Amino acid sequence: ISWKGSPVFASDDAKFKVKGRIQYDAGLLMAPESVSDRAKGYSNELRRLRLGAEGQLGAGFGYKLEVELSDNSVDLVDTFITYEKGKWLITLGNHNQFQSLDELIGDTTGSVMERAAFTDAFNFERRIGLSAQYKSGILLAQLGLFSDSADSLTNDEDGDENDSYSVDGRIVLAPRIGKIQLHFGASGHWRDLNRLSDEPLRYRQRPYLHTVNTRFLATPAIDATGESHYGLELAGTRGPLYWAGETHWLRTKRPGLSDPTFFGGYAEVGYFLTGETRAYKNGIFGSTKPRQAFGDGGMGALQLTARYDYLDLNDKDIVGGTQNAWILGLVWTPIEYLRFNLNYAHLRYTDAAIPAGTDRDYSANVVGWRAELDF
Amino acid sequence: ISWKGSPVFASDDAKFKVKGRIQYDAGLLMAPESVSDRAKGYSNELRRLRLGAEGQLGAGFGYKLEVELSDNSVDLVDTFITYEKGKWLITLGNHNQFQSLDELIGDTTGSVMERAAFTDAFNFERRIGLSAQYKSGILLAQLGLFSDSADSLTNDEDGDENDSYSVDGRIVLAPRIGKIQLHFGASGHWRDLNRLSDEPLRYRQRPYLHTVNTRFLATPAIDATGESHYGLELAGTRGPLYWAGETHWLRTKRPGLSDPTFFGGYAEVGYFLTGETRAYKNGIFGSTKPRQAFGDGGMGALQLTARYDYLDLNDKDIVGGTQNAWILGLVWTPIEYLRFNLNYAHLRYTDAAIPAGTDRDYSANVVGWRAELDF
Amino acid sequence: ISWKGSPVFASDDAKFKVKGRIQYDAGLLMAPESVSDRAKGYSNELRRLRLGAEGQLGAGFGYKLEVELSDNSVDLVDTFITYEKGKWLITLGNHNQFQSLDELIGDTTGSVMERAAFTDAFNFERRIGLSAQYKSGILLAQLGLFSDSADSLTNDEDGDENDSYSVDGRIVLAPRIGKIQLHFGASGHWRDLNRLSDEPLRYRQRPYLHTVNTRFLATPAIDATGESHYGLELAGTRGPLYWAGETHWLRTKRPGLSDPTFFGGYAEVGYFLTGETRAYKNGIFGSTKPRQAFGDGGMGALQLTARYDYLDLNDKDIVGGTQNAWILGLVWTPIEYLRFNLNYAHLRYTDAAIPAGTDRDYSANVVGWRAELDF
């Protein structure tokens, strides 16, 4: 029995651990008075609650099984069976499609409260699939065949008939040069909606605050038959300093019409005031342990991040709006597995889906706060 | 590893325990023939099923995380993060607002199957909030700032826009005089509904049987902007004898109309036939361990309770009805963490919401039975 | 602490184990072109996800508590309290009504992916009840009184008023003659729908593939007041060889009309190519451990099953159709608690509910694939 927030039981090559997560968010949305939206002002919510287990069955086989309660519905999160042998890892079940660095980083290990605007806008989500990962030295290569999210495949809502699929791949090079850890990544994704093309697609995004439902950015419903998207990733750490940047393009296939391409990206730089180095492993940033835990004469870890985030949902005849966001994020990690966030964002819109009077170009400000626990 | 129904794992100042609960109810509702309600007669249900975990992360930080399945929906129950230092306990998350002794007592440790009528009628529920507790000697003081229940704050149902809040406090004095444990409590609660005042409030209550949906007591929908309520608590134990009584007033703020005040209260006295003393800790009654567990030559614990329960939902122009209830409760606890209940209640109504022919003053009888397991 | 896929904690006569299950299905449905059904072709789904716990509280009392997520809703599965003393086992809560051998065998220990057509068609499901089991030598006798499923008894959907009940019994004789394990069983079931008879009954079945919603077999809605059904079971093992067969008749009581009787049955024979003997315990087939686990120089267990399955939903004036199914099932169990299935089925319909043009007699073919993990 070892300990990782909760006990980890091991016996020969078998392992077991109960997993849990609580995230509680509160925030303030400040938009122009002429914007008529009920979500302005204060709002709060239980952002995520998870309960599950992970383990090893032996002989290289393992699993993760997690249920998430958010927005009053129960969703599947990571729920898969794995097989590991040498440098190879096979995963079958509900998991991410290696969409981007920011999407793959755990939501309790990110530098800011919400991920880059393009990750939600482009509908990144876990889907059921079979994937292979190869890892050797500085190279990490991931390739998978996916159908749709476990929720969309259920029998209510005619999920039966959903035979959409995608091929997704990602390559990461992570060289270490002296004290500098570098990360170079690229991913490509191609999806055929098949029968799912009956339902139109929509791209939209909240104003960097999940406690509200408001979407200042939103395309109209688009009759599409497929999507292809690809992204570039650049990141690194040097002692307490860390940085990351990504660009991502998504092209929506419309039969008989020209295909619009939407774009999103971000760049961030951050610093651990208490001297920790941001953990980096398996091609993503991980959970950072404070040098001196709170209570042990220490104060835990304190990190400050500045991020610029951009999203452009305008292309061809589609007008979904653009967002320029400047974000400041403060994370306090008193002890491992527990964090408190304070975020501020200044957001500038053009062609917003919700007008301010008759004006669709304006700015909004957001303050967000989160307590989160994860084991 | 110690044992409390399920194993409790400890390592330094960290702790972990899986939690579960099953409650299965059955009952008979006997109302006058002229009452036309389909719930009369036999009914049964799985009352509550809970699954979760609680633990300590170290350095004073702890958590509880519980999901409840009841009435086919998944609800949050106690889901919070705590910080304890000396006499202080800080709690952040979904928890009770110290509404009353009867509400705070666990539903598997109460003396009768259902709580006092006013606790449901006044819509007591867990809500998300930040609270502080101070405990020293015979004094327990609790104060918190709460928003709304985790369920009401979700994104469906426009929970976003819910910016209601309340301030809630409670003081308990628990002196011990020789063999007598006494409990004196008072609580006060003030709530501003803010944007939530768009939705009218309703106060109503089941006839001491949760397996039915029938509400003989019910006010019409009330357009309210706020609520204030306060209560008094008196309780104690002396050897196998225990007693408790409470009074609670709730005033609903109606703009432009006079504010009605509703009232509820109960008084109970009980006795452990097998000689146990009802556990009392942290300002509430707790779980009582049988002196001699069933099977060890013993028969477990047997307790008998008589309770009078009153609810008055008539005031000003509001006619919600009144209920006088006489309840007899028998609890058999063969071994710790497992209980069986048998309850009988005689209920007298005036101004009932469901008429018996043309008569709104009549009486009903209820027999309830419950098996419950909690660890 | 012992290990059964996950750790089993024991202390004196108390026990605790976390339980989990993942089933992921994919399949191909091939029906005549003239059948207009969107589910034809490829489909896949997360079939079942379970999370729960089981244990012993001591003094003979135990429990099981499981939540299942399937088709986007959370359902109760085995959730009960037990008391065991000598040859007797009492169970209270949500559990099976001893409906048939195939229904009682766990869905991760069956020989083929989906159970016999009659088990679904006749609406077998877990219900809340109180049952007693007596086991002595080769005899196993089970008798219970049940109300309805925990889901149907909840307060939404007026579950309150559901006072349906059934009496269910089953007797098994399991003599062992030399190397041959035999199983003879018979079960009888009688159900009064009571107030539930307001809702008409329907019998229908999927084409041996749960990823689709299509029901080629379906009776119209039947106004019924009760059901009685009974079945015969025959099964056995001899070394790596195993066989099983059942017949089941269901009679629906219609007031003022003649009562139709529907029939289903199956016969299977299977063989462990890797030499294992199919586990048999407590009147059902259980989980079989590979002789040589995968990775230990072994390849796990491989078993092949051929099954013929029949369902007849035509009787009196009711035309629900008939289905003749020939099924081939391959199961690979690389290590205990993990299995992969590959199934093929050829299905012949008469009086199908979905016509092929104007023809209601045609055949379909199905290929199914499943990965499953259970601990």
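All chains are identified by letter, namely A, B and C, in their written order; residue positions are counted from 1 within each chain.
Here is the rule we go by: a contact is a pair of C-beta atoms (placed from the backbone, for glycine too) under 8 Å apart; a residue touches a chain by one contact, two chains touch by 3 or more.
Bear in mind the structure is a predicted one, so any value in this text is a computation, not a measurement.
If each chain is drawn as a node and touching chains are joined, the picture has every node linked to every other. To fit its Cα atoms onto subunit B, subunit A must turn through 120 degrees, a value rounded to the nearest 5. Separating the CA-averaged centres of subunit A and subunit C is a span of 39 Å. Within subunit C, contacts with two or more other chains are made by residues 18, 51, 73-74. The touching residues of subunit A, when paired with subunit B in their complex, are 1, 3, 5-7, 18, 20, 22, 24, 26, 38-39, 41-46, 49, 51, 69-74, 211-214, 293-296, 334-338, 371, 373, 375. Here subunit A touches subunit C in the complex through residues 9, 11, 14, 16, 18, 51-53, 55, 57-61, 63, 65, 67, 73-74, 76, 79-81, 92-94, 128, 147, 150-151, 153-163, 195, going by the rule given at the top.
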